[in-house]
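Each chain gets a letter, A, B and C, in the order it is written, and its residues are counted from 1.
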Amino acid sequence: MHEVKRRYVIPGDKIAEGNFRPLMNVIKSGNALVATRIGIAETGRDGVKVIPLSGVYIPRVNDLVIGKIIDHSSLSWEVDINSCFSAHLPAQDVFGRDFSPARDDMTKHFAIGDMITARIIAFDRTRDPMLTVQDRDLGKIPRGELLRISATRVPRLIGKRGSMIQTIEQATQTRVLIGQNGIVVVTGRSPEGVNLAVRAIRMVEEEAHTANLTQRIKGLLNVPDTPPPQERGPLTVGASKPQEIESTIDEVEEELEVEGEK
Amino acid sequence: MTQTRNLIDENGKRIDGRGIDELRTVKLTIGSVKNADGSAFIEFGKNKILAAVYGPREVHPKHMALPDRCVLRCRYHMSPFSTDTRKNPAPSRREVEISKVMREALEPALMLQDYPRAAIDVFVEVLQSDGGSRCAGITAASVALADAGINMHDLVASCAAGKVDNKIVLDINDEEDKEGQADMPVAYMPRLEQLTLLQLDGRLAPEQFNECLDKAISGCKMVYEIQKQALMQKYFGNETELKEEPQ
Amino acid sequence: MSSSKRSTIIVEHLRKQQMWDSLSRGKRLDGRDFSEMRQLIIETDIIKKANGSARVKLGDTEVIAGVKVETGEPFEGLENKGALIVSAEVLPTASPYIEPGPPDEEVVELARVVDRGVRESEMIDLDKLVLVPGKIVYTIFVDCSVLNADGNLFDATSYATVAALLTSKLPVFEVQDQKVVDSGNTQPMPVTSMPVSITAARIGDYVLIDPSAEEEACMDSRITITTTDEGFCATQKGHTGSFTPDQIKKAAEAATIKGKEVRARLKEFLVSNG
């Protein structure tokens, strides 16, 4: 485990000097590595990055997002993914290659206002993000309590290998769907469980940058403070979901490394 | 313009009691506009100014989007009740000009190429004005942009210096602006040591120009410390050192 | 010309489900009862350069009103009365859906409805604000700026206007040698009544007082009713749906009851004003 130095920074703060690689939200200015956003700066062996504490969601390919259908043309749905760009879900993705506007009715499938879980399959500087729902567990979300959190807090809410969110799910008997874009949907059998999960999520959002958060969340949930589970255990509901979340974390971590190479 | 009364007394005190190098009291409150992506409310002397940022967000109308960078839009506007005589709500030429110089003061600090085809909107509303409102507005806007998580090279701090009773003074207020001899608002990126706004209204002798400029920059540095403290306080509370979480 | 618009806020189907669920159990999404208003915070005298000012927070909706008093010609047909004009602007800071520009029909309606409440209630005794009959009168400008919009701009703007007027210090103008001169003294605003507006939104068969932005995005119709201690003085039905006469009567009753509560809050400012 290499040593990581961490510090609170604002834009323009000098984090380090010398031969470090600038990763996320850091630029090299002369000999200095400088933060470009408010957040927690981490200087490690592989480079310097700033974990941001504020900012609108910027889409990334492979992100799992929760979006809202806001319009449709004859060939695609327009989806609000809580970002600076609307995303598009091509009708072909849902109806197949031989989609025909004459035969396949788009409104019967997704109506304006519907919430969907989707994955971003394409996005670059020249076009709006494109989505797919062609995966297990993607598609219209039938029910649940909806919350919005800052997209910058999502990694903290998920936790290392899903540990934070699983702690919350298990303690409240709920299933929590988390979009990288900061939209969260909680479902559970009891309203008390759902409310408690919502409170825990809000607490993580507000205190994401502080120490001992896991302890305090466990306190809120009345869970003994034992080390987090090494392997995710089977959940009673939606056993496939944690895998999705875990693979998202791995992707996030990979992504961070990739981004650092830019 | 020629002065009609003394604005600095024999003890070096100005009409509001300040010394010639003294900044007015500055207070910044961050995040008060719930709907905005970032916001800051500044009280700079008697100025009360709100800055709110929305962005990056979609550009409307779409044809105004730029393919390789973000569009930055700034609006400086004074509320009708903000001045001594009521101001008509429609934008005046002064507001149009200030909106422009404000945008040009903030743009160098922003990494607009990170957000192609999007827009960042900065709205500065003067609720009460008392000299130096554009400086206070830029100062608040810069903090609001950081609050919104926009990638920035540096913050932008802004302050004015001026000439009053033939002396170069820091941060002139409304009366000093109206009755004094010169007003020089400046905006400055502290880490990069670069100026992004410079205007002069009045007359300065050749040797006074540098003095005035230096004084204004020193004011910007004082303002920067206030911006920094406000952001740290808002985001990190009273924690100045990061404590490690046990793994 | 006024035309139908695409709705700016599209409410998520999950939220709508939650809302219907909640309403069927007698509660709104934020936990309120149907006739419960959000937290109301009123501060006055915040803009020293204005003759009077107030900042109102109704839930997250935030409005600042400033009063500026000048002199000018009376309105046509009202030669022996002071002039009073209420204007409003929803600042582009207020929500992601606002674009800067001249006030659109919603904002014009907002200003006029608030103005109507103040005017028809005769809140300010305009007879006392004449300097030279038929020629020079006091002109009172009330300008409202909505800083953050989270529903029910009507009531928030109305309370800010009333609080600002209540606590205004009127300059004492005098006419000397055919010119108007500010004597430097001030007097309290001649207040004779206190209008309070209460707005309700209809969602299905439910009538909800003080709607949030989300509720307004789901509503079928809206009604704003302004009352004084003596009765009703202004009403405005808004939005594209309808009401049954019974719903209107119930709303009028609620406006009287709730109006009393808010008036008691506003009266606190009157007592402390000189």
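Criterion: contacts are C-beta pairs under 8 Å (C-beta built on N, C-alpha and C of every residue); 3 or more make two chains touch, one makes a residue touch a chain.
Since the model is a prediction, treat every value here as computed from it, not as a measurement.
Q: Going only between touching chains, how few steps reach chain C from chain A?
A: So the least number of steps between the two chains is 1.
Q: Among the chains, which has its CA centre at the largest distance from chain B's?
A: Using the mean of the C-alpha atoms as each chain's centre, the farthest one from chain B is A.
Q: When the mean CA coordinate of each chain is compared with the mean CA coordinate of the whole protein, which chain is closest?
A: B
Q: CA centre of chain A versus CA centre of chain C: separation in Å?
A: Inter-chain centre distance comes to 41 Å.
Q: Rounded to a whole Å, what is the gap between the Cα centroids of chain A and chain B?
A: 35
Q: Report the inter-chain centroid distance for chain B and chain C in whole angstrom, where each centroid is the mean of the CA atoms.
A: Whole-Å distance between the two chain centres: 32.
Q: What are the residue numbers in chain B that touch two or more other chains?
A: In chain B, 57 touch at least two other chains.
Q: Do you know which chain C residues sit against two or more other chains?
A: Where chain C is concerned, no single residue meets two or more other chains.
Q: Considering only the defined contacts, which chain A positions touch chain C in the complex?
A: 68, 70, 80, 111-115, 141, 143-146, 185
Q: With touch defined as at the start, can you tell me which chain A residues reach chain B in the complex?
A: Its residues touching chain B are 6-8, 10-14, 25, 27, 29, 34, 36-38, 40, 52-56, 58, 84-86, 125-126, 152, 209-214.
Q: Which of the residues in chain C come into contact with chain B in the complex?
A: On the chain C side, the touching residues are 46-50, 53, 60, 62, 64, 66-68, 70, 87, 89, 91-96, 99-100, 102, 141, 143, 145, 147-150.
Q: Which residues of chain B touch chain A in their complex?
A: Touch list, chain B to chain A: 37-38, 55-58, 67-68, 109, 111, 115-118, 146-155, 189-192, 228, 231-232, 235-236, 239-240, 242-246.
Q: Using the touch definition up top, name the residues of chain C that touch chain A in the complex.
A: Contact set of chain C toward chain A: 10-18.
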